[in-house]
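Listed next: structures, encoded as structure tokens.
In the two complexes that follow, chain A is the common piece, with chain B as its partner first and chain C second.
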Partner chain A sequence: MKYLPLIVKNALRNRRRTLLTTSSLAISLCLLGVMMALYYALFIGGQPAKAQARRVVVRHKVSIVFPLPLYFREKIAQVPGVEEVMLWSWFGGVYKDARDQRNFFARMAADADRLFRVYQDYVIPEEQKEAFIRDPAGCVVNKALAERHGFKVGDRILIRGDIYPFDLDLTVRGIYTSTDFDDDTLWFNWKYMENMLRNSPRLMAGGFTLLARSEQDVAAISRTIDEMFANSEAPTKTESEYTFGLSFLSFLGNIKVILMSICFAVTFTVLLITANTMAMSVRERVREVGVLRTLGFGKPAIVGLIVGESALISLLGGLLGVLVAEGLCWVVRQGPAIVQQAKTLTIEGPVFAALMGVSLAVGIFSSIVPAVSAARTSIIDALRFTD
Partner chain B sequence: MSQDVVIRARGLTKEFLRDSFHIVALKDVDLEIRRGEYLALMGPSGSGKSTLLHLIAAMDRPTAGEIEVLGSNVASMADSEMAKWRNRHIGFVFQSFNLIPVLTALENVELPLKLTHLKRGERVQHAATALKLVGLGDRMDHYPRQLSGGQEQRVAIARAIVTDPDIILCDEPTGNLDARSANEVLELLRRLNQEFGKTIVMVTHDPHAAHFATHIRFIDKGELLPEGKKPEDWS
Partner chain C sequence: MILPISYNLRNLAVRRTTTLMTALGIGLTVAVLAASFALVDGLRLALEASGHPLNVLVTRKGAESELASNFERRVFDDLKFKAGIARNAAGEPLASLEVVTVINLVSVEYPEGANVSVRGVTPIGLEIRDDARLTEGRWFTPGRREATVGSSIAKRYPEARPGEKIRFGRGEWEVVGIFHSGQMARNSEILVDLNQVAADFGRESVLSSALLRATDEVAHQALINDLQADTRLNVQARSEKAYYAQQTSSGDLIRYLGTIVAVIMAVGSCFGAMNTMYAAVARRSKEIGTLRVLGFSRAAILVSFLIESLMLAALGGALGILLVLPVQGLSTGIGSMVTFSEIAFQLRITPQTMASAFLFALAMGAAGGLLPAFQASRKEILTALREG
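Showing the complex of A and B:
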């Protein structure tokens, strides 16, 4: 600790260079922080929300784009452990201008009378719920979505059909919130689909979401359903809603590999930047190293001073990077919920510790070679050194 | 070693390779310096004066011969042992001051004390005392860039004496100073020798500076000349 003032003064010796190095570290570690936060949220620390833990999604085994027959709903309802089941279908469509990212949100048809029994975390006034169930052209929207677009109860919403050959002309019958997370979804009454696709072979379910009586039943229910439809016209894949949400990410490719690759690339780049800075910084001070050694400073102390300085700059950059990364996570949390985890994205404790560890490691590894090299230079050569 | 002799060299030789050239910097030097002596080592540039000073300070190792300082065979010490020994027994003053620019005068003087077991308060007190001794009690918080050359060299002397070393080694201490500042520094060194009994070895090629010493020896082409003898071409 008695060397700390000297380390701090050395780190601030060339303030412009230190500022630039710290900034480049902060930017790189901010990017790394967001990537690590995503990785952690998606693959390590993410947990299903309380109500979600009992929900199970049934979809076509091959892909979500293949529909399932409607009669599956009654067969699924008879599986032991199933408390309630509803069908749903992804309508897609275009709301206003599709080029505006804010106009992208989920438009889903669902059994209106069963929706709130399956999604027990939804909170909505009883009269709004009843109005939604009664109105074949009714819809309910999440509060955050409603606020973003200014939707109010009674408003009409027009959605141009793209997957289906008709447009939606919906009336907002209710605005719901969730005790778990805002899902940026518009649910409309399945009766609308029935009316528009009467006698059409396209009147099929995109999938089913069921509510298990308990979390412990989820695995057995999933197994039973898949076995039941294994030799049917539409074999199924049944999984928890949480896992189903993650499967959307697979459309983007191997997310794990992509995230890991970006993390390694960023870490390596930041290592090179810091190593270059430290090499320059040490080279400017070879003569001072000779003076310190003349005064009695040993080689370990010299290495400690240089590595300590580098570690200090790196940790400072890392800390700034984490702050900016947390800011970016906040921005992600305000955006549309492509996956549930995006709504709760933050720099968790283990991610913070990992980022600080990476910062420290970058500081140490980037300076260890110039530090040892300077310490090993003979005193006479160091004192003669002129840059 | 006699009680009085603090530095004794026998057959001291230093050779090194610079690029492809083999250079003999010191050749078979025998030397004895007694406690409290103030010796000026003179000679032309490249004669080996500084090399001898570096060997006495345990900053380098001889190629051959022995050097005993304060009863220790410094050349046989390990690097870490040498560093501790230097900190404890040697004060070194450079021609170009070599203060750390980001530290104040007080912090520069405190630097060698960081290697001791003294607490911060004690270190600051010792450093302040050393600075007062060299007449810079009112410049403690000044950075090197805020000091004149003479003042910088006096800070360097304070740094050299703050650990109360037995021997002070000076390598051209007035080489970068004007006449007035040089005299202040030389007076200070004489005071350290006479009042505090410090053994001083000063390398210089300035006859005026050498006259402040109690003894003068010449080195020429790596050889230490007998007392009273000068190089033939010395003016």
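Showing the complex of A and C:
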């Protein structure tokens, strides 16, 4: 530790180089940070939000595109531990012009009276909620979505049907926010579907979302429901809403492999850049090392000085990188809700630790070779060295 | 007077470790960019090579995909005798009523299972798909619970190989053969008998789409216009090629991600290159002074260092392209938001990708080398000679 001032002095000697190396590290590590944060949120440490942890989704076992019979709702409601259950259906459809990606958002039909009992994180004024439940052609929209499209209470929204052979003419009855995350969804009254598809075999549920009495019951409820319908006309797959959301990921390609390869490439690039810089600065100082040795500094002290300098620079770069990464996470949070994890993306403790670990490792590994070889050079050779 | 290139080459060769490390840093950045382009190009080429130029795909009006389309059998009966539809040797119109659905199969890549398209067709449907050749086994027999799978499916899903049985609908289906088509997207489908699968999913009268073969190019466009204008049918007709081309947007996310990552990495690598070039300038201070004394102008020095940086980047670009070449032909799959199922394709490194990757490397070299080169050219002769 007593060498710290010397290490800092050394690091500041070629300020431009230190600045360039630190920024290059910071930039690469912020990228690594976002990638690792995503990987962590998606595959390792992601936790469902508080209200969501009790929600369970029941869907067709083969694929989400197959509907389930309506009477399943009553059977599910009788499963022990189920507090409330609602049916929903993906309407799809076209709002204005499908070619514009911004016009894409989820349009779901659901039991109006049960929606807010199942989604307890939704916040909506009581009178808006009542108006939504009363109006068979009413809908509620998420606040962020409403702001994006300028929807106000009382507005009419037209959705052209594609999956279903009719169009929707909805009235916005309420705008909700969520204490967990904004889900970019338009919910409309299931009665609309009932009225349009009266006596049609197509009047079926896309799936069901239920609220378990407690988080601990989720696994048991899922098992019971799947066993109950295993030999029915429509076998089901029941899982927590959180896991259900993750199942859409495979749609974006093999995300795991893509994230891993990017992380690997970035880390390796950082290592190369830092190693290169350290090699350059050590080479410039060989003669100085000879002087230090003459003054009585031992080989371990020399190695410590050089490795310490490199570690200091990379930790600094890493710290800066984490700060920028947190900023990038904020940008991601403002983006579209492709997966809910993107809405709550942040640098978690373990990711932070891993990033600092990577920075430190990069600092040490990049300088160990030049440090050892500098310390090994005999004093005479070192003093004679000209670059 | 311009400094000879060999001067730069020798300089790079003398500091070979530094040169190689900097170049490799640039190379990795280039590799990330090229790999994401290879993914997107692979998808695009697979889809562009799909669809027959004379085929017309008919769905319900407003349906963006076959999966979201409800196409009634009576509408098909009305449209199959439209003018402009080619006929086979037996005189039947080449119009195929089809039903498309999605099932979940466990693959090597996704152990939780991925969505795969199943298409029910009639013998006429197979006749229109004249590009498909059997590579193993035979076609399914109409009226039996048999399936012939596309070559990409057979490769990626162990469950869907000849001799195996796959479960969907109301029971098991025996896989009896594999087909391969030059039209890549077709290979990501499982073909089964129309009536069998329609009955399984309760879609005897409401199916998905119709595929028509026009007699020639003029008839092709006329047929599309005719169907589009027919308000009684209420259908949407488009060329099959256009339908597939529209699915390329599935790769957009990967392209954005790849580009953003590459650009951020490029800034980092650029700083690395800058470091290297600054060190080169500092070390050669005396040399620069000497060159100036010999009569080389400031501009010549600037150009020379810039060229050196560009050469370094070019080496990096070449390394990057070499690094990424092994992914060529690697097969993977991506979910299509249009078909709600997986399209299998192979990564393709096109000459354009190589060119843009190389240009990207050169841009990094130019950005990283400009400031150091400028600094070198600004050195005063006397101070330069005294330094170092």
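Note that the second predicted complex is superposed on the first by the 353 of 387 C-alpha atoms of A that agree within 3 Å, B and C clash if a C-alpha of one lies under 4 Å from a C-alpha of the other, contacts with A are read in each partner's own complex, and residues count from 1 in each chain.
Keep this in mind: a contact is a pair of C-beta atoms (placed from the backbone, for glycine too) under 8 Å apart; a residue touches a chain by one contact, two chains touch by 3 or more.
Note that the structure is predicted; figures quoted are calculated from it, not measured.
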By the touch definition at the top of the document, which applies to A:A220: first (chain B), second (chain C), both, or neither? neither
With the two complexes superposed on chain A, say which partner A:L4 touches: chain B (first), chain C (second), both, or neither. neither
For A:S378, select first, second, both or neither according to whether it touches chain B, chain C, the two together, or no partner. first
Classify the contacts of A:N254 with the two partner chains as first (chain B alone), second (chain C alone), both, or neither. second
Pick one for A:L295: touches chain B only (first), chain C only (second), both, or neither. first
Looking at A:I44, would you say it contacts chain B, chain C, both, or neither? Reply first, second, both or neither. neither
For chain A, which residues count as touching chain C in their complex? 16-17, 20-21, 23-25, 27-28, 30-31, 35, 61-63, 65-66, 92, 94, 98, 160-163, 165, 201, 247, 250-254, 258, 261-262, 265-266, 268-270, 272-273, 275-277, 279-280, 338, 387
What does chain C use to touch chain A in their complex? 17-18, 21-22, 24-25, 28-29, 31-32, 35, 39, 60, 62-64, 67-70, 101-104, 109-110, 112, 114-115, 168, 201-202, 253-254, 257, 261, 264-265, 267-272, 274-276, 278-279, 283, 332-335, 337, 340, 342
Write out the stretch or stretches of chain A touching chain B in their complex. 2-3, 5-6, 9-10, 12-13, 287-288, 291-301, 378-380, 383
Okay, in this complex, where on chain B does chain A touch? 54, 57, 59-60, 79-80, 83-84, 86-88, 92, 94, 98, 100-103, 107, 111-112, 114-115, 120, 159
